[in-house]
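Quick heads-up: structures coming right below.
Next come two complexes built around chain A: one with chain B, the other with chain C.
The block that comes next holds the complex of A and B.
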């Protein structure tokens, strides 16, 4: 099912997607435009995110990958207005259906939360209220909005739990989160995310905390929801196999910047342009095909305070819908030699 | 881990405590509950347990020792000591409980809001709290009662003004910890308003700490009420109360009428003991399970 969906999507290609955008004359579902986020540490500002530009359309699933500390989750949090106190947006815009969410003092943001954009968190064990029954929790935002009574909310909760694949939902609707397994908790989390019928769903590594079998079940659920809801997904992960299975487009982040992104996942994965993307993809073990040495990077991204504070050059277009950041000679060297060092070590 | 939790849930409270070696907590709770339960029952059924009114004077039978007509004897005005102890329990326990409920509710609400919003609101609240805490408890309560005058109302007001601070601090700290977790972010993303997040989601998570504190606070309140009344600043004379009973009985102590002072004192001690046990036991049972 998922494979077929992806296939049709891919035959459309980036050109098809571009045409859709142009012809509809509609603003994209989510457009992050040159977003910069700074961390304020010891009286000094450090750029945590730099000129993040990406878009997600209806029905699109964009993967956002990068190593730990590259700013993937931060990008999601910034787009949801959930930045912790020490971080702030310094410039740029986040537009949801053309409306700037950062303008008018958070009113626009409040209006899209839940109904427009929802989010699935990484660790369902800490993202659920431990002392509230899951049924009420799932429907709390809907009940608050529509003034539903307890019975109506409960019926809807059962319905949603059924939709996210919890068997025997009537039995579990009155359970507390600690009584559920990790996979069920994540399903509950997803149920509460889709409760208000969002058009865009942020997924912050939703399967990282789960074991592999549960992970594949949850991914299947996401694929089903992709088909059912026709919502846009922005899927943060560092698991490239998840991206391959689930996403139609991909953005790669490194050290708070987007280094390469394409509306056509397959084309980009086959011929990555940026040395970092090459290194990242080279680090994925392959089961099929000729035996190759596993490649990798010898060092991880520099910490915030050691990053270059020089402004970055804008992304260059490789082909329509495919942009890449210009890599400085040092970066090329770092990523290429990193790969070589790894090979030498092995 | 999940299986263990489900198992614990199934086996119930006793096994949870047994497993972690905290059986002590439940024994305390049981003994405390029995003591407090008896005293409360006696206070409620006071008119059924005695033939005399607490303020009925009988000048033909003053300063009598224990007998079948007067179980614990009478005081210098011929009032039955047993009735006065029973009705005194009504006054003192009722006031102590009410004077805990108000600060519990007010302090929890203020503390939760303060911890959730932070910023200038939090700063102002916490500076006020610092000012209140800077004064010794009794000094502040006694001055407030002195300003407002004797009586049940002003004791209640004085205790409330001073002791909401403790609840606000406890709840604020817990709320701050919770506010920085994904759980609150998830609620915000769900589009819930701040009021709903604070009072529907955060407060139920943090209130158990405040309730545990409230149990020990009742004991403190009984102490305050009895102390104030003993000094003649609390409950106004004809109303029976353990503190004023002790004060009234004191002049007769040297004359050998020990009961007039010892009995109300014992009532205070037993009640406080029972409440402390309940508080201790509750603290163990309600200890954060996260």
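The block that comes next holds the complex of A and C.
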């Protein structure tokens, strides 16, 4: 049934809730299937991620959006096998081209990291090594894999730097990160991410630390790379406007679960179904259109230890490729009234 | 003398403000502000937008009195603000910072923080009066007064920023300088703070200089907008005019770069 060529194992119950596209023959590029992650706090287990199900196909740009504590970065870290020690996957699967990355104790994950899946982080100043020349940082992983010498690696670094829009790359290839501007550093990080020709690129708030004009250049670069490489993107951010600019599909998270997702970002943004998505979109200030009083929420999400521990109901399909979580009457009340209910106590 | 001028609305007028920071090299130094003029009328919310290094925060610091090394003239309610200000002048212009985690003492209850300021400024003759004033401040920032006896450590980012605003309001300012006051907050929480600023203007006639890199936020709150680039204000007009028909190239460039929802 599932997975023609590539999937060699794991035939037990693939693609539960997200199985609507699985009949396409080829396994999806990335498939996160009912992923649950627990946090161990003071000897007790708390659900940090609850039944996360989403997929990214080749050439797809999916935005994963949420506010602090929603679990968006955690989802990305889990998918990358980079969970901190106090957190662990309790159930579910993460499949890359049909292959379960959580199997054989992380070996499968290590095999695709870099070559199959690459990651671009928020803070290039932190993620880059301050005492290593940028050219070497870009090609370190490729050289190690292909046994390249210094000359060959340097040539490739120049080529990649050119590809990510660094002008006069020969001049900068020997520079250290501190000599570059924030935008250039982010381009260097993107160059190192694409060095091994990944099929899937994870982005964790890659433009949040940048000025608007630089952000817009980086988003254009992502669009160009997406067209050139035909890679899939999973783009995590808190900024809905940024996602709307770059992505074609969208998943919205709140308090450790997905509340709404659609393959058609535009349709969902224009007519959101879940009360949280509506509240979130109502809080976004706009550059165009009528100026209205914004909607607000008292706080973004309850802390882990104050969340309901009841199992959540699966997402329901409102139209093909568009799923929404059921909302309890209390949640509807909370999100519809937003700050007003909270202000009323004052 | 000064206190009489501080009642009722006062207009801030900054004229030809320049600030130069010394650099290690023996050159003329770095010119952060190059002859900037800007006004904030009573009850007006003025946005100051620019990218990093544009000088927007430096102008805010000059206006509040934190950056005393500048040339040019500052007037508030007709009085010239000297480099050393009187207590009444300092009270009249207050500031809210970006990071509510860094600007509040995590060890102190909200009540202690507010009471300390009220005592220093001689507001409220006894504890009861100060307590009543503090409760009023909490209501003003839409916080339950019961939170007066809690510490910021247990609060959300939005609640902390409300406490920071209550603190700035405690001495009865007429002008608030908000420097990236919503930038560290989640979108939905940011919306609440923007609404709070709009309400404060409506309720107590507060004037606000709202400094931000975020064009959409500025558009949703401000009456007038000044665009600053490399230490100079390149465009200043009513908000609608700036967004609908920008005249300066740099403004157009900024607007074209700003992402928006479909």
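The working rule: the second predicted complex is superposed on the first by the 311 of 346 C-alpha atoms of A that agree within 3 Å, B and C clash if a C-alpha of one lies under 4 Å from a C-alpha of the other, contacts with A are read in each partner's own complex, and residues count from 1 in each chain.
One rule holds for everything that comes next: a contact is a pair of C-beta atoms (placed from the backbone, for glycine too) under 8 Å apart; a residue touches a chain by one contact, two chains touch by 3 or more.
For clarity, every value in this text was computed on a predicted model and none was experimentally measured.
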| item | value |
| --- | --- |
| Chain A as common anchor, with chain B and chain C clashing or fitting | fit |
| Which superposed partner A:91 touches (first chain B, second chain C, both, neither) | neither |
| Chain B versus chain C as contact partner of A:288, first or second or both or neither | second |
| Touched partner set for A:132, first chain B, second chain C, both or neither | first |
| Which of chain B and chain C A:68 touches, first, second, both or neither | second |
| A:144 touches, of chain B and chain C: first, second, both or neither? | first |
| Contacts of A:212 with chain B and chain C, given as first, second, both or neither | second |
| Partner chain(s) touched by A:26 [first = chain B, second = chain C, both, neither] | neither |
| Touching partner for A:115 - first (chain B), second (chain C), both, neither | first |
| Gap in Å between nearest CA atoms once chain C and chain B share a frame through chain A | 8 |
| Residues of chain A at both interfaces, chain B in one complex, chain C in the other | none |
| Parts of chain A lying in touch with chain B, wherever the complex brings them together | 77, 80-82, 84-85, 110, 113-115, 117-119, 121-123, 126-132, 140-141, 144-145, 178-182, 189, 192-193, 195-196 |
| Complex contact set, residues of chain B against chain A | 2, 5-6, 9, 118, 180-183, 185-193, 196, 200-201, 204-205, 289-290 |
| Interface residues, chain C side, partner chain A - complex | 51-52, 138-139, 142-145, 156-159, 186-195, 198, 213-217, 219-220, 239, 243, 253-262 |
| Chain C partner contacts - residues on chain A that touch it in the complex | 67-68, 211-213, 215-216, 219, 238-242, 244-245, 265-266, 269-270, 279-288, 291-300, 338-339, 342-343, 345-346 |
